[in-house]
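Read from first to last, the chains carry the letters A, B, C and D; within each, the first residue is number 1.
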Amino acid sequence: MLGVGILKGLAETARNFLGSYVSKDRLTTIQFPEERAPRIEASRNFPFLVYDGTDPQEGLRCVSCFICEKECPPKCIFIEKSTDKKPDAVGKPQFYPARFNIDVSVCMSCQICVEVCPFDAIKMDTAFELSATDRFDALLMNKQQLAKSNEYYHEIHPTEAAAVDAELAAARAKTAAAKAPAPPAAGGAA
Amino acid sequence: MTAFFLIVAALTIAGTAAAMSLRNPIHCILALTLSLVGFAALYLQLGAQFVGFTQVLVYVGAVAILAVFAIMMTRSANPPEGQSHQAAFSSSWLTGGAIAAVIFAVLAWCILSKSTPMQTAIQQPDVSVNQIGDALMHKFALPLEIVGVLLTAALIGAVILAMPERRKTL
Amino acid sequence: MTPDTIDQIFVIAKHWLLSYTPAPLQPVVSAALSVAPILGVFPLLFAITTVLERKGLGRIQNRYGPNRVGPYGFSQPIADGIKSLTKEDIVPRTADQFVHFLAPLLLVMAAFLAYAVLPIGKNMVITNLNAGVLFFFAVGSMVELAVFMAGWSSRSKYSLLGAMRAVAQMISYEVPLVLASIVVIMASGSLSTVAIVNQQANYTSIWPHWFVFTPWGFVGFILFMIAATAESNRSPFDLPEGESEIIAGYYIEYSGFKFALFFLGEYLGMFATSGLAITLFLGGWSAPFSFLTWVPSYVWFFAKLLALICVFIWVRGTLPRLRMDQLMGLAWKFMLPMTLLNIVTAGVWHFMPAGFVRWLVCTALLAAPFALLSRGLTQGGKKLQLRTYRFAE
Amino acid sequence: MSPLNAYLLLSALLFSIGLTGVLTRRNAILVLIGIELMLNAANLNFIAFWRYGPNPAALTGVMFAIFSIGIAAAEAAVGLGIILAVYRHTKTTDLDQINTMKG
């Protein structure tokens, strides 16, 4: 009979309507600025540069090897190499980036830069509230803005950061071991 | 001869003239609706409320929309590129205009030369819908039935005319 | 202040104001005093309805709906209004400028004209026309023209498609709309809305003489409401502005204030048809029980109007959109025969002696065709089955 | 000029404009529209004569107008149906080009 289904549907929507006032767990909406959904550990957004220690610029792990710049599909990374060298995270003397810019308005969050980086220097951030009134300069991140501490990295991706730290520690130990037998060579290089 | 009559008459004439002279058929229909609403206003002014509202309901609500649909279906709203500058009027437009002008002249002469017999005390005739209904059901029952049959026939006829023609199998 | 004074307070106020105006100005002032409240109240009702609708639909879908602007989000329409007023008014380059400009104005004008014959309270009607119901339908048919003008003048295929769908749908559903209201005209013997309401404002013990409390009146009311839903292009008959198919139908190419005018016109049309349904079937401004007649008449009218608006919102939150062939099939294969049978039933009701037999016969006269016709609409009673896929596993 | 004469003149003018359209337009639909306008002008005459005539109580003028509107609606429906049928054959609504009797 025509109309029975319509009445059933009307009853269902009425139940939803009234139920949403009675039981709060029907309303799954999270009211964003006040409430926030728990962040998933694997969530990612735009890349940032990790630094060790206390000085954001001195401690950067990046050695400006240009791999990420070359691999970046939308070409949003721009690196300028320094002329002098300084010891990197593992202790080897390396170049460091004089300029490191990422245009996040172009970045597509593909994480390829992270995967290709041999020095674990670039990682994915989770900050997503980047809105600005200017769409050119405000979204072009420079080295100062991109540099974030290793502790911050631990905070947003604990598992991954622990693995990276372990790896780096192993590498550091290896370098130290390599340095020990031939100190003159290492000293000469420095 | 009130100001209201003059305004409505001017609007009706303008609408009618535009409906018969504009190039784009859709504009013609829109001007036509202005003219038809003007007619309805004239009926209302003459005290024929029922006819005025029926006029709007039938003409604006049905005939104008029907004409719009016909124009859309025959694609005469946007003529193809090649013939867009083609004349909207027939090649014999001079003759047609002349005939119409002559007819108007004769009619106007007839109207103005004779003083038509008129009721002297013009009172607003108070005609209610009930009176019209009574008249339709008693005095004009046969015409009403005939119009009903005519409308049914027209409905069926229009449907048959507009139906896609069947291919002859033989 | 007696209840009667409170009931007539607006009428008294108008006469009081009129007594202070010079005689030659009186017709103009009287008209202005009648029209101004309509121009104020119904747009306000539109503002309330938009927020009610959004909140109601939200709750139906277990969401909150707007709750940011003002207390419980009830200032949302003000924010929306400011937004639409300050937006850029874009007119497509190829559009027919004049017609494009005229269409929203004509739509809102036609929608407002319809209120001229709606009695929103005892002695509260702008004009008591002899052919009031006819006037209402005549004005309603002008909406179709406005819709077509909007769709055609935009020079966009979506707006033209939307306009054609809207016009076809409105023409098809105008027939059952008019035929459904004819039963009331038959029963009351008048086309005047005021007379129709006055006939329903009587009581047997505590029960009112509303036309909806008869078999033909009830069926007529349901049919009228279905047709009214289609007339006002609301879900489930919102094909002309189906967002998923043709974006927004005939008013895609409008922006800013003209877009807001289209929304206003659409909602005003909905209120007007709801108001006519109330006038014809639900007793207009009369109270539902004789012991409640002390409540002012206009309160009853707006209470009934709000109730019908809530039904519209509820239906919109429930039913999915119809297909074009289902839409036309419903109009011509179900609504039209049912309205015609309803007219016959009203005639039978009129000529049978009052009593239980009359109820039984009239109900049977309507229920049997309903069962038959609904079989035709639901694919002959075939059960719908789950679709089975042969290859996709 | 008496009010009746004013209405009659207006009606004559509107009739003539409609006739001009019928005689000069190429588009068949607009010719049909012209005929509608002529019918309306005639209706106006009926109503005017009823209003100012000797016996307004008889309602004859109003009745004639009502029937005329009904018949005009039927005429428009059939006329447009015929135009559509013709268009299907000839692919045009230009009356100057529809000049053969063959279908």
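The rule is short, and it goes like this: a residue touches a chain if its C-beta (ideal position, glycine included) is under 8 Å from a C-beta of that chain, and two chains touch if they have at least 3 such contacts.
A quick note: this is a predicted structure, and the numbers were derived from the prediction, not measured.
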| item | value |
| --- | --- |
| Highest C-beta pair count, chain pair | B-D |
| Distance from chain C to chain A - Cα centre to Cα centre, in angstrom | 56 |
| CA centroid of chain B to CA centroid of chain C, Å | 29 |
| Chain C-chain D separation of Cα centroids, rounded to whole Å | 34 |
| Distance from chain D to chain A - Cα centre to Cα centre, in angstrom | 77 |
| Shared-contact residues (touching 2 or more other chains) in chain B | 50, 54, 62, 69 |
| Category of the chain touch graph - line, ring, star, complete, other | line |
| Pairwise chain contacts, counting only pairs that touch as defined | A-C, B-C, B-D |
| Residues on chain C engaged by chain B in the complex (per definition of touch) | 99, 129-131, 134-135, 137-142, 144-145, 148-149, 152, 164, 167, 171, 174, 189-192 |
| Residues of chain D that touch chain B when the two form their complex | 1-10, 12-27, 29-30, 32-34, 36-37, 40, 43-44, 47-48, 50-54, 56-57, 59, 61-63, 65-67, 69-78, 80-85, 87-88, 93, 95-96 |
| Partner chain A, residues of chain C touching it in the complex | 56, 59-64, 314-315, 317-319, 334, 370-371, 373-374, 377-378 |
| Residues of chain A touching chain C in the complex | 1-3, 6, 9-10, 12-14, 16-17, 19-21, 26-29, 31 |
| Of all residues in chain B, those that touch chain D in their complex | 1, 5, 9, 12-13, 16-17, 19-21, 25, 28-29, 32, 35-36, 39, 42-43, 46-48, 50-51, 54-55, 58-59, 62-63, 66-67, 69-71, 73-74, 76, 87-93, 95-97, 99-101, 103-104, 107-108, 111-112, 115-119, 122, 125, 127, 131-132, 135-136, 140, 143-144, 147, 150-151, 153-155, 157-162, 165 |
